[in-house]
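To keep things clear, I will list the structure first and then write my remarks on it.
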Amino acid sequence: MSITEILTNIKPLSRKQIAWRAAQDVVDGSYVNLGIGIPTLIANYVVPDKEVVYHSENGLLGVGPPPKPGKEALDLVNASKQLVTLRAGGSYFNTAESFAMMRGKHLTSVFMGAFQVSEHGDLANWATNDKGLMPSIGGAMDLSVGCKKVGVLMNQLTQDGQLRILKECSYPLTAKGVVKRLYTDLAVIDVTPAGLVVREKIVNLEFAVLQQLSEAKLRLADDWCELVPPEIL
Amino acid sequence: MIDKRMGSISETLQGLLQDGSTLMVGGFGDAGVPFELLHGILDAGARNLTIISNNAGTGNRGISALLNAGRVKKIICSYPRSRGAIVIDRIFKANEIELEVIPQGTPIERIRCAGAGLGGFYTPTGAGTPLAEGKEVRLINGREHLFEEPLRCDLSLLKADRADRWGNLVYSKAARNFSPIMATAAEHTLVQVREFVALGELHPESIVTPGIFVDRLVVIGEAS
Amino acid sequence: MIDKRMGSISETLQGLLQDGSTLMVGGFGDAGVPFELLHGILDAGARNLTIISNNAGTGNRGISALLNAGRVKKIICSYPRSRGAIVIDRIFKANEIELEVIPQGTPIERIRCAGAGLGGFYTPTGAGTPLAEGKEVRLINGREHLFEEPLRCDLSLLKADRADRWGNLVYSKAARNFSPIMATAAEHTLVQVREFVALGELHPESIVTPGIFVDRLVVIGEAS
Amino acid sequence: MSITEILTNIKPLSRKQIAWRAAQDVVDGSYVNLGIGIPTLIANYVVPDKEVVYHSENGLLGVGPPPKPGKEALDLVNASKQLVTLRAGGSYFNTAESFAMMRGKHLTSVFMGAFQVSEHGDLANWATNDKGLMPSIGGAMDLSVGCKKVGVLMNQLTQDGQLRILKECSYPLTAKGVVKRLYTDLAVIDVTPAGLVVREKIVNLEFAVLQQLSEAKLRLADDWCELVPPEIL
């Protein structure tokens, strides 16, 4: 089956649905950092009865939703440089203190985007092999070496159909052996000492087909279940 | 829902203290010393403790009380000598304790290093002195530096002025000293506070220790 | 009598800027960027500058203006890519600048290290990646760490919210970011502030940068 | 001449007078740390038209005089654990920040006591060779390695008549080659690359006698002058 044929039979998750799925793993009372891109959307899908303290590496704990029109404060931005608010209980601190929280394993979990992930949990998300693309690291390296739970949100394939889940990353690494869970548009995959384990996959997606979309060997968990996201506009 | 308040000193220590535990204790002189938590440790009966603190207690309370009760195997501090430091002076002279005296800037930096997830650092402090013995020496820009390792602990015992249910802390004047750094390097950080305030009452630009570093709080009121 | 206020941007820079100077520039995105001081640097005409900053400017102002005018030889930053980062993108692709991209936690810690009089440190960040090339690697508790050296500069250019004549500073919200640390590692620290207040008006427990780290201040009012 | 005979002909400075002499070297607009003991007294003798910011290593800048009775704050102590006040413009910070100021060469000058000083400016002020004396370092090592100008205040001799200015310290060192100036009860002596240079000595004290009271070789500066303190009760 070609990728085109595969994709006519299934319904991959949208960016928002991927964020929704990751949001289900956010724990009440936890300290969470959301990376630039899809991960930033996660906060929208965490149910309000979970009290979660969002960290932003530019020096904030307790990041809240975007400000109401007319209430914007230009000095109150998140790591994606979007205008945000600060919740009651939030605090400001300097970059050294912020990165101490990150490297020092004080955050509960971090969710990031990626170009590639290897079967060992190696992460590549700051540069490609295209010398014309300006490299940018930001907090990605510190977050990934320092955080207890690193989740990666990305589509299973690149826009031009290249695999992203590989035996070894071909792009420059962000950190080795740090990714714990992958949230793709097709599946939820854990990185374990025994290799990649598929915990959830979307409806009508054969495991053999999912394996075709990963260079790294996958194993289907005995207790796997279907990944059924809500409709999100 | 986050609420780090405990109902009592004993509840605050519950399940966290063991024989052989390493404790960091905030304070400089009497300012910032969590006396009530220390007396809770005494009541809890733990032995063979290692204490990391700037001083080694004066009079008969706090660290002195633990020393006097024979609960402390080792104390790491910068300045045990002090008017009124009668207990440490006696047991030091009687050779009943392992006393490690280190320059104040080094433990605070080692504690910060641990809390910040770093692997160690080089300091010029102590180079060319007896404290350099057994340490790696590195010449950096022509000057001798000593390698120092991260320093962590099981429990940090701190005193703050005000706190909210997220564990955000502000301190009173010079009672701040070691506490904001010790809060970052403990398996569990326990704080006695004078006053508990509603979430949002502490100004976000004035919070000194963000609650992420605090595990449990106990409200003491005007402490001893 | 201590009074660190200068009468103008040009007076603030007077005698301190040279061709080849290394500048640290506070800010993250636009928050905390000292645009007026940067435009003062542009007016002063210095060349072959090295800039250390989190980002590399957007639009045509601030760092972008200096880049566009060909004044910058090298830029050390963590995240040059950005919507609107047109100048750095163009000159990077045209190979007209030396761009060193490093993980954000490493420069801030290297700057702190310099300001704190330490000789270097080990960090796990960057180990096992191309950034480890040419760096000393040390296995600490079974984990690879890279050795990083202190990073200092000639001038730190910062933006604060309020200041007094001693140079005590408080910042506005997330505009704080790199500035309190950059203030400690410069030959001279120059700060543009929104508002000047009387000595004693800033609460001693809420001062973020004590004046000891500040050399000159200039009051800008509501900045661009 | 025996030391007893010497001391009948001269009038050594009192502790307060030594502090007074050091106070003359405190510069307007400077950041100064005063160690435990005699150095703490220096602030009393700095003329009020000099604006000096006093640092205390437990986390204060802008230390002021002792509080008026009834105005004491128990949490406001200096490094000697004495109750103090904070001047307008003063600030509180943690120990890591305080020692960054000290090691990082941000202070203008520091004045400390000492057991011994060598002709190379080596400082010994934290331990003796008496195993029964509990050693205590506090901030002395960090201050002495980090400060641009280290001044030492001490009597020329110990209470039992032992020399303190030596070719090499016999006590454990605090730091090597850090002392810039000595303020004793008899003289002001600079530590220079060419050795110890006497800048000032008290009235009626022969240089040859002063040399007897120092194991290290002294040189009398060409422009030496008499050290004439005011009467201080």
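Which chain is which? They are A, B, C and D, in the order written, and residues in each are numbered from 1.
Here, a residue touches a chain if its C-beta (ideal position, glycine included) is under 8 Å from a C-beta of that chain, and two chains touch if they have at least 3 such contacts.
It should be emphasised that the depicted structure is a prediction, and the values quoted were computed from it without experimental measurement.
Of the two chain pairs examined here, C-D and B-D, the one linked by more C-beta pairs in contact is B-D. Separating the CA-averaged centres of subunit C and subunit D is a span of 37 Å. Work out the mean CA point of subunit A and of subunit C, and you get 30 Å between them. As a whole-number value, the distance joining the C-alpha centres of subunit B and subunit C reads 33 Å. With touch defined as above, residues shared between interfaces to two or more other chains in subunit A number as follows: 86, 92-93, 96, 99, 102-103, 145-146.
The set of subunit C residues touching two or more other chains comprises 109, 112, 116-118, 123-124, 171, 173, 176, 204-205, 208.
The touch graph of the protein chains shown belongs to none of the named shapes. Chain pairs that touch one another: A-B, A-C, B-C, B-D, C-D. On the side of subunit B, the complex with subunit D involves touching residues 28-32, 54, 78-82, 85, 88-89, 92-93, 99, 101-106, 108-109, 112, 123-131, 171-181, 208. Remark: subunit A residues 28-29, 31, 51, 53, 55, 61-62, 86, 88-93, 96-97, 99-107, 145-146 touch subunit B in the complex. In the complex of the two chains, the subunit C residues touching subunit B come out as 109, 113, 116-124, 138, 140-141, 143, 145, 170-171, 173, 176, 203-206, 208.
Across the interface of their complex, subunit C is touched by residues 56-60, 73-77, 81, 86, 92-96, 99, 102-103, 126, 132, 134-142, 145-146, 172-176 of subunit A. Residues 1-2, 112, 114-118, 164-166, 168, 184, 199-200, 202, 204-205, 207, 210-213 of subunit C are the ones that touch subunit D when the two sit in their complex.
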